[in-house]
Each structure stands twice: as structure tokens, then as C-alpha cells.
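Following are the structures in question.
Shared between the two complexes below is subunit A, which has subunit B as its partner in the first and subunit C in the second.
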Partner chain A sequence: MPEPALKRIVTVANRAGLHARAAVMVVTEARKFNARVVIAKGLHEVEATDILQLMSLGAAQGEQLSLEGSGNEAQVAVDALEQLFLRKFDED
Partner chain B sequence: MQKLQGIPVSPGIAIGEAMVMDNEGFRIPRRFVARDAVDDELDRLAKAIEAASVEISGHRDAIAQELGEKYAAIFDAHLQMLQDARLRSELEEMVRHRHYSSEYAVSRTLRHYSQVFQRLDSAHLAERAADIFDIEKRLLRHLLGHRREGIAHLTSPVLVLAHNLTPSETANLDRRFVLGFVTEIGGPSSHTAIVAEALEIPAIVGTGPFLADVSGGELVIIDGNKGFVILQPDEETLAHYRQEVEANRSTAVRLEALRDLPATTADGVQISLYGNIEFPYEVTHCVDRGAEGIGLYRTEFLYLGSEIEPTEDVHYQAYSQVLQAMGDKPVTIRTFDLGADKVPHLPQPEDERNPCLGLRSIRLALRHLTMFRTQLRAILRASVLGNLQVMFPLVSTLLELRQAKMVLADVMEDLDEHGIEFNRGLPVGMMVEVPAAVIMIDRFVEEVDFLSIGTNDLIQYTLAVDRSNKDVVGLYNPADPAVLRLIAMAIDAADKKAVPITMCGQMSGNPIHTMLLLGLGLRQFSVAPAALPEIKNICRRVTLAECKEVTHRVATMENARDITNYLREELKRRVPAFGNE
Partner chain C sequence: MKFSDFICRDAIRANMAALDKEGSIREMVQALVEAKRVNAADFESIVKAILKREELGSTGIGRGVAVPHTKHPSVDRLIGTVSVSPAGVDFASLDGETVNLFFLLVSPPDRPGDHLRALENISRQLRDDTFCHLLKQAKLPQDITLLLDEADNHQFGS
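After this line comes the complex of A and B, so read on.
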């Protein structure tokens, strides 16, 4: 029986959007946990661990994304990723 | 063998290997590996990715140490992208199942990603396409070793085939290795045409789409005389063209002997031959062929090669290079002759539906005075370095000429105030290329130091023909009687006031027209450097009396075709060496 999916909505607050460096932070963070996180912009869903796919979302400042986690550490993984967005990827 | 017809814009024949340029630079040839070599190919791919990763990590650490972790972040991103599991499986799939070479797989896959990024709405993210290119380049370098080409880093001669070439692409190419150009689009006045002429290599534009069939590396022939592009020629065709190349070479050697001889007609009339240039390095081409000066120094390349407006110093450097090379021989700089749509740093004009009749050349200069003044300052500063004169393009009214001269006077005053040296007596001339200017030419000659007839525009405006439009290009003919009457008017008016008059359009460099122009009274020709020996040869072989006869005869004819045929026959009769084209 899989864990129920955990969903969170975040806003891209940093000026440059989900660009290369920010995407690296997401990927690095996502890989720390025993969880699968899917990031979606509208209907476009990608794995949080896949940098090229993440960047191809084209998430710009002000846009909303959903983080959906599953697996043992889904809760901590989604929390950690949400923190990155809240911290504006340490930019601005 | 496949034969295409395009518009020949620069003469000559080139035979060599094709290099295909697409929107993102040069294209990796589409190559395949044999089924039993797939494992080796996958191994090669893995090693290249590994080597590139090591390289990036090295950069990362060095930058982190030198500038801090923040600056190293971009290399983290590159490393992540390079090691992206999905990318890896896409690459391997292409090699394993489609038998693509690693180079081709890398190029295909990464270009797909960069296109995705380029389409993103956010400018910040779209710029990331540059990161993908960077990774592509890095991987290709490891795969190809030193064979990595790129138009700026060629190591062997190639013929460049492209959909279109941007001015910066053509300006940055390695001149030693490019033997010719073919572009799918473009017309006779496209930048490719000008650059090819400057480089003295054959070029053909407007062939229509054909690049989908070419992967690069094939043998290609460019016949810049007739406008043929021949892909993968058969033995017979190849032999024919090799022979022609050989024949051209020996003609060139014979003409070289004329270099130091004067361009005097057989009956002793002194003719002056000048060169047209666009780039400072072309001065050598002119000097080597005995030009008496530069009759037209086009300055557009200064604006086209970069995204930002050239500074006064950029202008000055270019001009001083040309002047120093020419010593005390005259150099005529033409102020920028561009449409607003061609200048990247200017606001795009709103109503430019008809650029030929729009905001271009002197009109644009008078609208953007700061830009105009920058160029004039540089010209004035350079005027003390040699024998410099300046001319304004596309003048159509007296008011425009006066305004341009006023701006020049104003810049002079400015230099005076700052104690900067310049030639106060700088000769000022104008291009005669708008029919209105010819009709009013008796008034213009009162206000200029010299005139220069620009035939390309004069023909286009007189006959109302866009020569890049294949449906009407047949109407474009320098020998049209209406055009000839305008040219005669301009020469006569200039002679009456003893104002020197030159012709610098393509017409003056075409041997067919030389006798006619001499007969009309033209004594100064400014031509593409490659045409100098031919024109000189004709001048030396004919008498002015003969030329006047030709002119009288032409005056009785009614249409361009008859005139052209007659002129061709006359040339063949008097100067046989050039009759065999």
C-alpha cells in the first residue's frame, strides 16, 4: 500500500526563476531523501531529481508550482524543497 | 549528382568539402556507425561524458577557490546536466537503436533541449540555452579531439552552405579556409554577397531549400559565374570544373602583369581606377592590383557585426588602418548606408513596409544625429592621416545635402573647441543614386567637391525593380536606355563644372560596360578589387574614338537587351581575351 501523496503549492519568488543554479539546488536537495518528488507547472510534470526536465518547465518569477511527494521521507523532502522556494534560492 | 540554380553574387569557381551551418552554428554531419561497432561507440560516448565531467569539476573547484562558491554554481549546473540520467539514456538510445555516431547523437539531443529552453517565455531561462551549447561543445570537443570545426576555427578549406549567414558569422569566419558560400535565401545586396566579394570567393544566394539533403563533408562545386551549386558532382563535371579553375588561374597570372602599368587608353587618355572596399584588409587586394586609391569605402560592417553601436574609436581604428595602408592615395569614405531595420541598436521603425523607400542611409543619419556625429568625428579625426574624402549616400534633395554638410560643420566646430586636429578642407561629395538627384544634378554640382554614381540603387529606383525579386529581376539592367541617359546627364553636368565624378556601382566593374562608360565621358572607375585588372586591360586596349562610336550607336537603340548584346559583341571584337565567358 503506497503512502498517500503529499502535495504542496509553492511560488517561484526569485527574480531569475527556476534557472540552472536554482535547479541544481532542487536536484541536490531532492536526492538527499528516500522519496520521489514530482514538480508540476500546470499539467507539465517532471521529476525533482532531473535537472534538464526541471529547467524545461520554464518556471519564471511569480509562477506557481506544485510539489508532490511520495515514499518514506516524502514529508521531509517536500518540506526541504519548499524551504528552497521560500528562501528564494538564497538570491535577491 | 544534384544541380541547383541560385543567384550568382560573387564570381569564381570553388571545389571542396561542404560545411553546413544551421541556426546554431555548424552542423555535425549525420553519420552512422556499423551494427557491430555500437558497443565501441557507446564506450566512446561514456568516456567523453566522463572526461567532460572531470574537466567541469576541475573548473568548478578552481573557480570556487578563486572567486567563491557562488560563482562556481554554474559549473555545478553543467555537471548535473551532463550527468542527467535521462539525457544519458536518450543519448545511448540513439547510438544503440538508431546507430547514430556519438557526435551526431550529442548534437541532436542537446540541440533539442536548447530549443526547448529558447522557447521558454522567461528571458532568464531562455538564456540557459547557452549552457546547453556549452555542454554540447565540451562533449564534442572530447569526441572529436582536435577535429572540432566551427566556422571561426576551421582547419581545412570548406565551402560554407547555410540557410542564411548573419553579418557576425561572416565577419568572424576564418578567411584562410572558406572557399565559397551558398545560402538558401538572400538577394544580390545581401551581406553574404558583399562579404564574398570582399573575400574574392564565389558565392551564390537564393537557391531555395536544399540543406535537408546535405549532411556536411560531401564534395560540392560552386560556380559563382553562372549561379550553379553542384552537390556530389560526377567525374565528368568535376573534370570540367577543374579545368576551368586552371584556366582562370592562368588568366589571373597574365592580368597581374598589368599591375604597374597606367590605365591609359590606346590613344593616350588617362583613366583613374580605384577600388571598392568594405573591410580594412581589402586594402591589400587594391594595392596588389595597382589601384590608385579607394573610391568607395563602405562602413556598414562596423554596424552590422555587433549588437551595440560602434564607438568613435572603433570607427577611427578602422579608418586609420585603411589610410595608413594607402599612404597619400585618396580614400573616399561613405557614411553609413543602412536601413533602420538593419541596425540592431536602433528602435525598430514602425512603418517600414517598404525599406527601399524608407528610413535608410542619409535619411537615417539625419534622424539619428548622435550616431551620425560619432561617425563624422571619427572621419574628421582620421582626415589628418592621409588623403581622405567623405561622401553621403542616397541624397535625394538639396536640403538633405545641406543638412548633412551642416552636421559636418557642426562636428568640426566641436573638434575645434576641443583642440582636436582635422583637415578643414576635407572634400565632401555625394552618391548619385536617386533619379531625383540626377534630375537636379546641375544644382547639386554647385555644392559638392565630387560625385560618385551608385548604379545599383540608381537602376533600382529608375526602373522600379527589386532585383532580389525573381519575377521582375529580368527588368533590372544597367544598360537600360533610361539609366544610360541619367548617367550621361550626371557626367555632363559634372564635367561642365569640372567636378570630379566617379562610378562605384557594380556596373563600373563589369567589362561589358567599360567602353560605353568611357564613351559617355567617365574617367574614374571604382570597382571591386578583383575587377581592377580586367577593367585596366580594356582601357589600355581601346581608343576613346572607338568608345565614342559605341556610345553613339547605343544612343540609337531602344532596349536594354539589344544594347547588352551589342556591347558584348563589341567587347569580344576589341578585347578577345574576355569574349569567352
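After this line comes the complex of A and C, so read on.
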């Protein structure tokens, strides 16, 4: 039986939004874990490990995204990605 | 946002000569000067700002693409250009590959939303492998312009 997916809602808090450097941080973090994390803005779902897909979300300050993890390390992966958003990608 | 909203057609180049990061950025900013979208007096300042941003982490995002950029007070709206390097440039990209396709952006300091929407458009269009491949194969600026126009008219991807 596959693990149930783990879902978390985050808000893009940094002023610049999910721009190139922030997207690189997400990708770098997501690749550390044995998990698949899907990030969605509304119905637009992308892989957390794909920078082109992430930037194509155009996620701006104040917008909400969902992080949905699956796999062995889903919990830690989603926690780690949530921290990036909470830390505002070390900006502002 | 469409390519035509921010890409300066007269600054598009298909024959980048530089083989290193600084040289490639200089060529692209020089193209913006030649297209009269940037004052010659601001050239060095813009180049330095873009290089400083690269120090925070390469904008070489993989798949042979880079999006060097900066905020700069000399522009009153987002401007950008596209360059193709037939030989490839060592850009310290995420995936270690050389870069053949550049989108360079300069935006006013207080318009992060426009920059984000330009990145959104570029990355969405580049998800289409055909579009990305054809751009890298472009031999003339007109080829690039045509491809960007087709992308603006939804000929590629979603």
C-alpha cells in the first residue's frame, strides 16, 4: 500500500515571490529527499524538483500554494520546503 | 505577459561570441545599448549588477538556458533580450551544462511583479521542448523573433 499523501498549505511571503533564486532553493531542497512533492497554485500542479515548472507558476507575494508529498520521506520533505517559505527564502 | 511586452527586438542576437559568463553578459547589455534601450553611461553599472546577482547563485537553470537579470534604477519598465550562443557558454549552471540560450532581464527596482511574470512566461514557454530546441538552433535574430511571436500566439505549449 502506498503511503497516503501529505498536504500542507504555504503562503508566498517574500516580496519577490517564487523567482529564480527562490525556485533554485526549492529544487535543491526537494532533491535531498526520497519523496515526490507536488506544488500547486490552484489547479496548476508542478514538480518541486523542476525549476522551469516552478517558475512557470508565477507565484507572487501573498499567494497560497499547496505542497503535497508522497514517498518514504514525504514528511521531512514537506517540512523542509515549508521552512523555506516561512523563512521567506532568507530574503526581505 | 508576452515576450513582446518586454523583449527588445533590436537587441536580439543569434551569434554570441563570448565563451564565459562576464563576456556573455557584456554582449547582451551592449546589444541593449545598441538598441537604445539602455544608456551607454549605464552599461558598466548594469553589467556589474548582473554579475553581482550571479554571485548569489547562477541563473543558469539547466537545459542549456540562463536568465541573467538585475534590478536597475536606470530603466522605467522591464526590458529584456534574447541571445543564442552557437558554441555554448560556461555559466556554472545547476546541471553543469553549458548555456546556449539566454534571456536577460533588467527591471525597475520597485516592480518585482513584472519580473516574476516575465520569468513565468519564459519558463512556461521553455517547457515546450520544440520551442526550446528551435530557439537554440536559430541562426538569425529574425528566426528568434519569429519563434517568440509564435509563442506569444500560443503556437507552443500551454
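Everything below uses one rule, namely that the second predicted complex is superposed on the first by the 92 of 92 C-alpha atoms of A that agree within 3 Å, B and C clash if a C-alpha of one lies under 4 Å from a C-alpha of the other, contacts with A are read in each partner's own complex, and residues count from 1 in each chain.
To be clear about the criterion, a contact is a pair of C-beta atoms (placed from the backbone, for glycine too) under 8 Å apart; a residue touches a chain by one contact, two chains touch by 3 or more.
Remember, predicted model here, so these are calculated numbers, not experimental data.
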Next item on the list: Figure out whether A:G58 sits in contact with subunit B (first) or subunit C (second), or with both, or with neither.
Entry: both
Notebook entry, point to check: Can A:G69 be said to touch subunit B (first), subunit C (second), both, or neither?
Noted result: neither
Notebook entry, point to check: First (subunit B), second (subunit C), both or neither: which does A:A20 touch?
Noted result: both
Check: Intersection of subunit A residues contacting subunit B with those contacting subunit C?
Finding: 15-21, 23-24, 27, 51-53, 55-56, 58-61
Next item on the list: Spell out the part of subunit A that touches subunit B in their complex, as residue ranges.
Entry: 15-21, 23-24, 27-28, 50-53, 55-56, 58-61
Item checked: subunit C residues touching subunit A - in the complex, by the definition given at the top -> 56-57, 59, 61-63, 67, 69, 94, 112-113, 115-117, 119-120, 122-124, 126-127
Item checked: Footprint of subunit A on subunit B - complex, ascending -> 73-74, 76-78, 80-81, 84-87, 113, 116-117, 120-122, 124-125, 128, 131
Next item on the list: Over in the complex, which subunit A residues touch subunit C? Could you list them?
Entry: 15-21, 23-24, 27, 51-61
